[in-house]
Amino acid sequence: MDYLLDKPRANCAVVGIYGLEEAATLSYLSLYALQHRGQEATGIVSSDGENLRRHAGKGLVADVFKDRTTFNKLPGKLSIGHNRYSTTGSSTQDNVQPLLVQDHSGPIALAHNGNLTNYHQLRKFLEGEGSLFRTSADSEIILQLLARSHGKDLKSRLFDVIRMVKGAYSLVMMSRDVLVAVRDPRGFRPLCLGKKDDGWIVASESCAFDLLGAEYVRDVRPGEMLVIDENGCESLFFANGDSHAHCIFEFVYFSRPDSLIFGENVDRTRRKLGHVLAAKHHVPKADIVVSVPDSSNTSALGYAHEANINFELGLIRNHYVGRTFIEPEQQLRDFGVKLKFNVVKGVVKGKSIILVDDSIVRGTTLKKLVRLMRRAGAKEIHARISSPPITNPCYYGMDFPTREELVACSRSIEEIKNYIDADSLEYLTAEELLGATSKRVGQDFCTACFTGDYPIEITESEGVVKIES
Amino acid sequence: MDYLLDKPRANCAVVGIYGLEEAATLSYLSLYALQHRGQEATGIVSSDGENLRRHAGKGLVADVFKDRTTFNKLPGKLSIGHNRYSTTGSSTQDNVQPLLVQDHSGPIALAHNGNLTNYHQLRKFLEGEGSLFRTSADSEIILQLLARSHGKDLKSRLFDVIRMVKGAYSLVMMSRDVLVAVRDPRGFRPLCLGKKDDGWIVASESCAFDLLGAEYVRDVRPGEMLVIDENGCESLFFANGDSHAHCIFEFVYFSRPDSLIFGENVDRTRRKLGHVLAAKHHVPKADIVVSVPDSSNTSALGYAHEANINFELGLIRNHYVGRTFIEPEQQLRDFGVKLKFNVVKGVVKGKSIILVDDSIVRGTTLKKLVRLMRRAGAKEIHARISSPPITNPCYYGMDFPTREELVACSRSIEEIKNYIDADSLEYLTAEELLGATSKRVGQDFCTACFTGDYPIEITESEGVVKIES
Amino acid sequence: MDYLLDKPRANCAVVGIYGLEEAATLSYLSLYALQHRGQEATGIVSSDGENLRRHAGKGLVADVFKDRTTFNKLPGKLSIGHNRYSTTGSSTQDNVQPLLVQDHSGPIALAHNGNLTNYHQLRKFLEGEGSLFRTSADSEIILQLLARSHGKDLKSRLFDVIRMVKGAYSLVMMSRDVLVAVRDPRGFRPLCLGKKDDGWIVASESCAFDLLGAEYVRDVRPGEMLVIDENGCESLFFANGDSHAHCIFEFVYFSRPDSLIFGENVDRTRRKLGHVLAAKHHVPKADIVVSVPDSSNTSALGYAHEANINFELGLIRNHYVGRTFIEPEQQLRDFGVKLKFNVVKGVVKGKSIILVDDSIVRGTTLKKLVRLMRRAGAKEIHARISSPPITNPCYYGMDFPTREELVACSRSIEEIKNYIDADSLEYLTAEELLGATSKRVGQDFCTACFTGDYPIEITESEGVVKIES
Amino acid sequence: MDYLLDKPRANCAVVGIYGLEEAATLSYLSLYALQHRGQEATGIVSSDGENLRRHAGKGLVADVFKDRTTFNKLPGKLSIGHNRYSTTGSSTQDNVQPLLVQDHSGPIALAHNGNLTNYHQLRKFLEGEGSLFRTSADSEIILQLLARSHGKDLKSRLFDVIRMVKGAYSLVMMSRDVLVAVRDPRGFRPLCLGKKDDGWIVASESCAFDLLGAEYVRDVRPGEMLVIDENGCESLFFANGDSHAHCIFEFVYFSRPDSLIFGENVDRTRRKLGHVLAAKHHVPKADIVVSVPDSSNTSALGYAHEANINFELGLIRNHYVGRTFIEPEQQLRDFGVKLKFNVVKGVVKGKSIILVDDSIVRGTTLKKLVRLMRRAGAKEIHARISSPPITNPCYYGMDFPTREELVACSRSIEEIKNYIDADSLEYLTAEELLGATSKRVGQDFCTACFTGDYPIEITESEGVVKIES
């Protein structure tokens, strides 16, 4: 959720609104609810039936849209929005989504969560044909392909084009009067359909619906394209979406616990991860269960209940720490972690502690937390991780550090335990993790970052010349 | 903690650093750790032995001090800082603390947490004598009195002057080379002394020491003035500080659970509030305990453990909601509360719930939370409040709405229960609350907001002509 | 020069630097010297041989480049820059030049002064072929055409492409290591070549060279393309540039008097306009000559010397009036004009005045100036205009109001005289104007705005759907 | 007028409005017209009869008041305003005027043009008495003295107090419902009274009245205090104002030529300086007269007419150069001057030139202009200065560099001529300068900067400890 945390980054949020007054304001509220999926930049496009208008910028939703009058400039009942972490594309202003272009058919806007794996090949090809790219975002490929398609409407053109791109994509797009939602055939990223009065809402997670008072209808299905216009909501399938590859990390870490994704409550699944962790990786004589807040709270509670050990608030997280802060020039030991977390001494002192975290990337934060807790008097610290060791990069929308920086890449669990100086360390296995979901075991999820099994083959990508502004 | 929450506001944080390199940066970090005590404005003054320099502004610490170069302009090993909620004084730029003035002795800066009860009388008197006030903050009185005192140094002048003011004050002050910390004779607000290497730190709460790697030494005592200079830390008493009136709300709500104030761990006391609440106000057949996050988490956990009922995360708090957001023009039911909190349906559905909150001011938030939880399928909702009904205004540094707006002012507990539509509602009594502390029962705390017993008499205050800028 | 003035708008400035250290800073200084040609937006692109980097924004050069560190991000010895008035294209951020794109060959940047007359046809054609336009600026057409050209280098590709566009263009373009300057076959807008040490400079007007200590070499010729790279400065002709259509308004109003354009000193020509005006349209018994400052100063001086009447400063111009100011809600008579100009009463009182202005568009300003001068006691006011009545729109880069708003469109000179309430009014005729230049009379200049003779035929243009952001 | 120019700085503008709707907006417009007197900061205070409100900041009037809504927060029919160059007091935000305070009588605001010569003595005394100063501006002394005065109203209190301060002051002050204007007994700085409808206007120069459509009534007299309230405009004299010491530099350089000050038209006097310069310091065989624009235009025209030599625009001034610009790291010869001025080569080439400037401070600019003109081909350059050599500091509101930097301090005119490399150089003598005014010769003006005769004795001033923020 935050760059000070040792977590994967680089997911995004998308939202689309059709047929509701103040659609841009509703997009804004939805993006507020989905802020946890991307904090680098945000933007909204709206249509009043004639013109598409856009406001976007770097920063949090609250910062980019802090001026009430912005919404006067975004009229209409049709809107899409986007929160962004950078994946492909440098973090320039140009790459802030939604993208808004005008082709021979008129204006089109697009917001994308995911990562296209054949972007470089397609871009090279299109540039050779004379296409001029305006961004370094992979998402633009779809707009460039569309511009070259001459079908009779957005629906038929997109239907042509969408099969040319490969990878992970939960998309919302709009023209003057049509909202389209598309999910890739493997369904890597979540995308939900909601309803409010006579209008429709599409959003990355269902928690956005709660804020708007909208009703969750169903997930947009893998390989499905929803076309929402004055005739209602039409469903088309451009691919057989039977072979799923949902990102298991959405359950482990990304999504909000109050969301419903992939047909399941995140809270329920995440709690079950805690149960399994307690059942399979128990610490017999521990005194208390402590979570690394906030993302591990649910699985830690699950662990505590299953193990019948008290859950305690041993770490306080400072929510006022934003994306930037100023470090003293002198070295303050464990500075960054202490800015973010403080140990409650009265809770941990003299205790044997089960410390539950949802994942470890570099291991740097956990190592420091263990040290801080020991200094506060913890007797024993047993780390329990509610997911398997991360050993491989993700090509479908998550952003890990280089393979060399992944603590689990070249170390055994025993070595990691020593590195973080825990009394014991255990992870969920991939099987245990998958078993905690209600899906068809081993079939419905992408576990590439744990297992190296990539659902879509990855070819070597080429770099592009950097244009900075 | 936040204006969307139905909580008392208007506490502040103060910090002072003596004898440590980059003192301004250390003040900044301390203010970061104390951000929960005041989010409206912040400022720092430093001294390099010659000049006092100041940087201050409205907004969060992270915003006002986002530029690294600011600290180049705040050199020296002596510094004080302040986070502010407005109490006395309108929220103009002029009132942002620390105040920095220059009198006949040279420059002096001051940061104040509390509220002076004889401000209006003193101001009227001094204006009649020709004093020109630069702010509408009560804190300025101390500087104006000092300017008229001709003692040989800051210590002796302040010793003269401090007995003229009445009310609540935890003060830090500095001249070119002296740091002074003062706490009022009743000790309304906390103030702690810490040590790091050869330097000293004074801060509102001890959690600031943890971030700096400093050691908690002791509280500044009621009626004590600490004078810290090249000769070390000298203690003087300007009043008999035996009759304490610590603000009990510091334990209930204000302070961070990882802090040590009034000689006790906040976490331990707050947890004990939960124990007593469970013991005296139990709900026999409830399924789960849910907290109104984050401030009630500790007492809710205490309740759950005492009652042996599962603590569950039934409400998710959105930490990205800042001080401003844009409301849609159309009415979205319970909009504000939903922006801040979302119910985890899977947790509350079909459950009989004990909902623990630390306090109720207007009752508006709790009413909406109960409604949201019912709509999510909660079977029963039993509200338990870890403090007594608030019925009286505070004159010592807390900011409540008018008496008419206090839900408990003219309503019985039964009526409040009906208003918020809970299945049952119980509060801690004042006796239970005091009994949960380790202090001399009924003697050491101010409970005026619950009981109307004001430790310092309040005379009618007069308004002042408003100067806006 | 300013929107409060009743003058044509919509010229631009371009500059290119090759082979000089701190090229971006030199572009910046040149744009400073050329600020009078466009005050709406400005931008610079530089190349360090690898990457092209851009900084651009709305506002004056001094505002957009107020931060010294901006230039650290614009390294290299190759740079182009642009000052802008909006002509084609709405005034959005996207349209701020230089445009920077990346096509199959790498990054390319472009800055353009002029207006392409077959833009809409070309854009429609290219969009049909799948091109995605990023701006609504006509200038982008050239980049889109280039992207579809597969010649071996920028020179050969541009040589192909440039013949497809029609209209007025003084262009500078750059790739990683080549600077190109192009002027349309009729030479509507000025473009000069300069030299400093081993480097080259291209700029709209020669006054930019003076600031840099560079030497004026010659004009870029109509139909000429200069390719400047490590091999020096190569000249190519893509068109027979014998038939010129220089904008006569450059001499009348746009260019700075200290510039050399179209092979002549602006000062000399402008002064000669005053001579001819005095010779052919004299006022026998006038006391003084007064100029509408600053643009008419030179021709007014010319008039005064020829007529042997004293030139006086009867109008003071307030140079602090920027693009925006706040009007009182109550009506102050002649408010806008008075903010900009004040009459020197001691000068005009009781005098018979020859008021020299270089042009009249709507006539609103002159009407108010006459009124102000009468109120200050002027006895007679004889307006003399150093150009003919403007009766037709310009399609080559100037921006007039609609034909209906042109005061001379449907009024005789007598009627205009009555409208502005002057005692007499005379204009230069087109013949007199052309006769004052040293060019081949009637052959080298575009006089379409006076005569309706358009050097390049104009076909009906089509509107495009507006995308605002 | 500008820091790039080699001119004295540090005058200010004041304005006051009584009894007119939108008084703050009228102050704003007046400050626009008086922008030439101070460009560092600006501010306005208004009263609606109850509250005084203030908006102020650093920068030009157009920048500080760029937001229309600012004026909604400045209601009422009574207002004062100020443009500032720093004289006494560092350039911090605190020193921006008008100052607004509240004393025992209510709110009072003050704007001041001038310099108090006994500031340090008074401040030291008042600090000893317990006064707390909020700014380092000398102007605050008056407010501190007022705060200690217990007369029955502002008029009687100010009447008491004003005799305690010495030096130069043109003051406007206001309470909730009274506007006061005061001019020191010697009348150093101008201050004019105007009338519009039923309202009154006070301003530093009469050019402000023209913009508002107000009528010039008379000057505020030396030693006079005007009290404007619902009873009209009352005149009181607190000193015998017979012995005048008007700043002669107001005629030479500061004031706008369209203003009427000290009872004379600036234009007329400045022109006469040119006449005298031509009569007494003629250059027999020169070809043209060139002015250093804009401030020397009027005297240069006067010279040209008297000498019957053509006035020509040989130097173009770039009005877009603001207070800051970015210098290249490499050295560009005469960079600053060339950014500001460009030589019109066609005008100066081969000519023998009389270059008229109004004053020389350091001589740096004139030296460079001579070099630029020579390089452009000027045959001879004869500098003529329409004031005497500056040899002494000013203590009454002008800001010169240190005595050492004044080119005339230790050099003869011959040496200065050599330094600036002119063919000849002559100044007006003090007698010639005074003779050109219509006042009693040698009696009505302060000429201290030329002659060292100080009308008010100057005692050694003491520094104060600097407080920066």
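Lettered A, B, C and D in written order, each chain numbered from 1.
Just so it is clear, a contact is a pair of C-beta atoms (placed from the backbone, for glycine too) under 8 Å apart; a residue touches a chain by one contact, two chains touch by 3 or more.
Everything quoted here is computed from the prediction, not taken from an experiment.
Following the contact convention of this document, no chain is adjacent to both subunit B and subunit D.
Ranking every chain by how far its Cα centroid lies from the centroid of subunit A, the top place goes to D. With centres set at the average Cα position, the gap from subunit A to subunit B is 36 Å.
Annotation: 62 Å between the Cα-based centres of subunit B and subunit C. A straight line joining the Cα centres of subunit A and subunit C is 50 Å long. Residue positions of subunit B with contacts to 2 or more other chains are absent.
A ring topology is adopted by the chain contact network, closed into one cycle in which each chain touches exactly two others. Screening every pair of chains for touch gives A-B, A-C, B-D, C-D.
Only residues 21-22, 25-26, 28-29, 32-33, 35-36, 39, 60-62, 65-66, 68, 71, 207, 210-213, 256-258, 265, 267-268, 294, 297-298, 301, 305, 310-313, 316, 318-322, 324-326, 328-330, 332-333, 335, 338-339, 342-347 of subunit C touch subunit D when the two sit together in their complex. Contact residues of subunit C toward subunit A in the complex are 51-56, 73, 100-104, 106-107, 124, 127-134, 143-144, 147-149, 464-469.
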